[in-house]
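Data first, discussion second: the structure below is written as structure tokens.
Every chain is named by a letter (A, B, C and D) in the order it is written, and numbering of its residues begins at 1.
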Amino acid sequence: MGRSEERAVRAAVAGASGYAGGEILRLLMGHPEVEIGALTGNAHAGERLGALQPQLVPLADRTLEPTSAETLAGHDVVFLALPHGQSAAVAEQLGDGVLVVDCGADFRLADPADWERYYGGPHAGTWPYGLPELPGARDALRGARRVAVPGCYPTAVSLALFPAYAAGLVEPEAVVVAASGTSGAGRSPKPHLLGSEVMGAMSPYGVGGVHRHTPEMAQNLSAVAGERVTVSFTPTLAPMPRGILATCSAKAKPSVTAAALREAYAKATAGEPFLRLLPEGQWPTTGAVLGSNAVLLQVALDETAGRVIAISAIDNLTKGTAGGAVQSMNIARGLPEELGLPTTGVAP
Amino acid sequence: MGRSEERAVRAAVAGASGYAGGEILRLLMGHPEVEIGALTGNAHAGERLGALQPQLVPLADRTLEPTSAETLAGHDVVFLALPHGQSAAVAEQLGDGVLVVDCGADFRLADPADWERYYGGPHAGTWPYGLPELPGARDALRGARRVAVPGCYPTAVSLALFPAYAAGLVEPEAVVVAASGTSGAGRSPKPHLLGSEVMGAMSPYGVGGVHRHTPEMAQNLSAVAGERVTVSFTPTLAPMPRGILATCSAKAKPSVTAAALREAYAKATAGEPFLRLLPEGQWPTTGAVLGSNAVLLQVALDETAGRVIAISAIDNLTKGTAGGAVQSMNIARGLPEELGLPTTGVAP
Amino acid sequence: MGRSEERAVRAAVAGASGYAGGEILRLLMGHPEVEIGALTGNAHAGERLGALQPQLVPLADRTLEPTSAETLAGHDVVFLALPHGQSAAVAEQLGDGVLVVDCGADFRLADPADWERYYGGPHAGTWPYGLPELPGARDALRGARRVAVPGCYPTAVSLALFPAYAAGLVEPEAVVVAASGTSGAGRSPKPHLLGSEVMGAMSPYGVGGVHRHTPEMAQNLSAVAGERVTVSFTPTLAPMPRGILATCSAKAKPSVTAAALREAYAKATAGEPFLRLLPEGQWPTTGAVLGSNAVLLQVALDETAGRVIAISAIDNLTKGTAGGAVQSMNIARGLPEELGLPTTGVAP
Amino acid sequence: MGRSEERAVRAAVAGASGYAGGEILRLLMGHPEVEIGALTGNAHAGERLGALQPQLVPLADRTLEPTSAETLAGHDVVFLALPHGQSAAVAEQLGDGVLVVDCGADFRLADPADWERYYGGPHAGTWPYGLPELPGARDALRGARRVAVPGCYPTAVSLALFPAYAAGLVEPEAVVVAASGTSGAGRSPKPHLLGSEVMGAMSPYGVGGVHRHTPEMAQNLSAVAGERVTVSFTPTLAPMPRGILATCSAKAKPSVTAAALREAYAKATAGEPFLRLLPEGQWPTTGAVLGSNAVLLQVALDETAGRVIAISAIDNLTKGTAGGAVQSMNIARGLPEELGLPTTGVAP
């Protein structure tokens, strides 16, 4: 696990005390070409990492530094796992020579109106989008100095539906219900995220089109479809720490067959190192992708209801955040895309 | 809790070793007008109930008898919690004088073609349907001698959507994704139901319109809508023992407003003892209905996507099975509908 | 459930926004002789109960009042579910005519040195101790105006071990490891109580004799044994919302037999409405007592190791807090001890 | 992860359909010196691995072969993840040239009387014991052709207590209560292992000294202590898929101090690549070792009760089974001991 003396990439992680930051570090520790540099965090600066991320045993005695231009200087890559709105300022200080991989939302949305409605404040523009499996995305990432890592839900939903839209098989009105593990809600203690509240309970939130990831999904699918796609998105909180199961559907266009559908998915996923279209009859489960960067996919045609059902399972912290970030880094830096990214889940 | 010497109703439970049977008994033990008679079960006949249902402490020393006309004779009510296909024969032997409340599927579907496609074998017809909240259903239950208790998913989905269809606010194509606790899959040990497999995992099953509860939902909603409603239904298994969260949506008819929608739900739920339309902004959670017969409801209009989103939370074993059975018994026998049915959940 | 117009007892709950307060209300709503009066809470005064305790559906539209002598006046019983140190002042204001049932620790410990070491601050003395199953405790509760409800762990541990100590079968050095559901840690949001942290994890805390419940267990067992009993107590947090499984052991005195041990437990639990010594070979599980006031018990003699192992399972919020409180109220007020207290668990 | 063309070790896994076999494969896929050869399983021979172990995405299209001398021939290492009693016959057929790493119990116990009492049938003898951290064990593993991997509980318990026994700080009567995730009970579907039963519940089993891992713990600790150590062991099933938290204690010898205790643990764990004595005040949690081969340790002296409390957290499938097996293989084959073994957990 990375014992070479000379590694190609020296990486810093800003926001190392949170769940996304911890997962980035877990992956980087298994990455043969990365040397871990500065670890920063504002609220927890000065604390031992072992007290904050006890699972990162080999880094336990590292201390968090404050997030600043000084502490982040001198790295080849800086991962930002910061609250929304802080990335632009940090990136500006780092200069163009460094690769900045932003796990926040700041540079994901192209339409200022979407930004205004869902996040508010000034629109920062877009960076190359870190979902290489989408048409054209991989090319845009090669050699990039800035990457906007997608949201966890948009990752799961876009990957489930893009083959159907790319092949023109479904109507531009998608309906998505996704279940997420609680780590997606972050590490700030809030009453509704207490274990006592979430264990044994399924709870919806952000219902009615108001969740911030909605326009990002619509943007991705519209680009693939070549027409405006709307997404009716309902997220739910599931009693598990990790994982997203996205159940996505859209009306099938007339005369679409199950065979044509399957062929479209086979074609869209062929050669993709992290996408796995399951054999017919087997359905994705989040349990199989725990800690893994793999995306399990399956699709079916409901002829009675006239709808295509596409389902994906990902680990929200791995492929949905940190794995997508490392995958994008690999591409941007010209490393093999799969380097350091497990495709085996920790199951059962 | 209910020690009166003269109780109005003597009840037997056939299938007392399963999850549905155990929940019926839990509720009957708190019912002031029910005296518990025979407990039967074929595979476990002769065993102590305490070894099978350790939670039913006061009944621990009761012994299961075989399910037969003899053991079930002499009761006012017989609850059937049997595998599909066994209810007709048992009911026939019991005669018309006894109220038979069937938790199986045998007498739910009116259309023989639906029965043939989803269950197979001879179609048995229908009995009065034990979902009193649906238009007309309560009247049909009064004085009934036979009751078909709805499936757990159809209970959650029909109650979430009937107000919208009754008011003519949505198109006849519903899309439903529901998450269920594992007790809905019963007590037979199967590899995919092991704790090691289900904890930490969300898993879909019966995708593409093939789940047996699909035609039952469509039947209920079509009756309310006065036109044929299709339902695209995707069930998922959630890492919790109990509960169903049903996320249901349908395209809004032109010019439907959020106010009209809310008014329709307020009207449809008014006076219903077990339906609770939550205040605006509060969403149902299955955690709040654990062990309770209450149904939590909320509805929203997504104007961007043009869809109505209606969500319900129930306990699949209580309102979704055993509570629905007891509620129907109360109505059929002329008892107060709420008798013995808790509306407080065991939370957190 | 309980709609009679004239009920014997009018009860207020101070601290109705927390887990203990919510559980007291759940039980009181099923109690045929209690009318629910004022609900108070300081931080949440003015809020709807439905937003705080969504499971208490029939009380959803009640509003919390501030905790004060005025709001708590005019009741027969006042349940205090307050942070430690506040009960004495509130009780004083209420006067001697009202029954005050305190779920806090203030009046549990007899030894000022214990109080000083484990809680600090002035020692308030003791009130009749609300664990009626202990020798002599029931008598002290009859007619009492003040009750100190035991801690949840001391309830589970004292009930598991008192029969062995009462019969003089074990040495005065007990070793206890108990697993508790997270609701025992209360509702204040703290990082280590987040669902993401607790699901999938067992974690010890308060190790090495420093948990505040330790001297309370020792006090109870010493009283039963007639000599000073020490308790080595290790609590652990388990990934479940409710329940305590207490695994307790002590060295067997010479020549103790399994038969003598079982006889001692049979004798100590005989006639106790909430204690259930399971048949040989069946072991307690917390799943079977969810929401129930029952205590499941089992005992074994390990002849190789020379130790008696006694295990109890309770619901920490029911028998461990709110159920113990209501049971004590019943005794103090001369009502049947079991009134309003379920002995069936919500399982699976 | 492991793309080198020439790898040092070709490994087969017998019993690849179970939880232990799956975890061995997960680790081997990340091992840079291992090439995965035959995968065998009797009941599932002929099935795709992807249907049985969906988490092992890169191996999904491999097919299980029957377990036989033929299918297992031609490998450098054969991992046996078979039911007890089958290892001797398989090993005999493989010849002395191959390294056989047995995850079963057959070759763990030295005392035929222990074997007879806890397992029954003929005693097979012992193989070098795969717990390198115990005094002398590492040497015995170097160059070994046969390895008996320890049981999961003995791994956790022996590592928690051996420093105290090695330093002569505690009396030879240990008391252990351990909580295990459900994967420790294997993959055969049994009613009490259903998700519906285990979620939300803590349950003891094998109480009173009858669990099969008891003599193995006693054997290990006795060897370290140089005198016969008895272990009172109570295992409990916790609502989580993986992890063991072992709470171990023993009476402190007179005049033992907290400092001496800590020093003994620091000394015994120094230089051990997988043992981590946490800083004072931080306690092990199973969540931090999910999927990791690390062992988190902490120790305390309870001066009131006069006992030493030592707690360990491991992943029962990783360090407790498959990780221990791979670690032993590394040593036996002369590879770096840590190769392919993660020490970062998948948390949260």
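Basically, contacts are C-beta pairs under 8 Å (C-beta built on N, C-alpha and C of every residue); 3 or more make two chains touch, one makes a residue touch a chain.
Note that the structure is predicted; figures quoted are calculated from it, not measured.
Taking the definition of touch as given, a chain qualifies here only if it contacts chain A and chain D alike; those chains are B, C. A centroid comparison over C-alpha atoms places B as the chain most distant from chain D.
Centroids built from CA atoms put chain C at 45 Å from chain A. Inter-chain centre distance (chain C to chain D, centres taken as mean C-alpha positions): 38 Å. Residue positions 19, 181, 183, 187, 194, 196-200, 239-242, 285, 287-288, 290, 348 of chain D each touch two or more of the other chains. Of all residues in chain D, only 173, 175, 177, 179, 181, 194, 196-205, 207-209, 214, 230-234, 236, 238-243, 245, 247, 249, 251, 283-288, 290, 298, 300-307, 309, 311, 313, 348 touch chain C in the complex they form.
Of all the residues in chain B, the ones that touch chain D in their complex are 19, 181-183, 185, 187, 189-191, 193-200, 239-241. Per the touch definition, chain C reaches chain B in the complex via residues 1, 19, 22, 25-26, 29-30, 48, 50-51, 53-58, 60, 183, 187, 199-200, 241-242, 276, 278-279, 282, 285, 287-292, 294, 296, 338, 340, 342-348.
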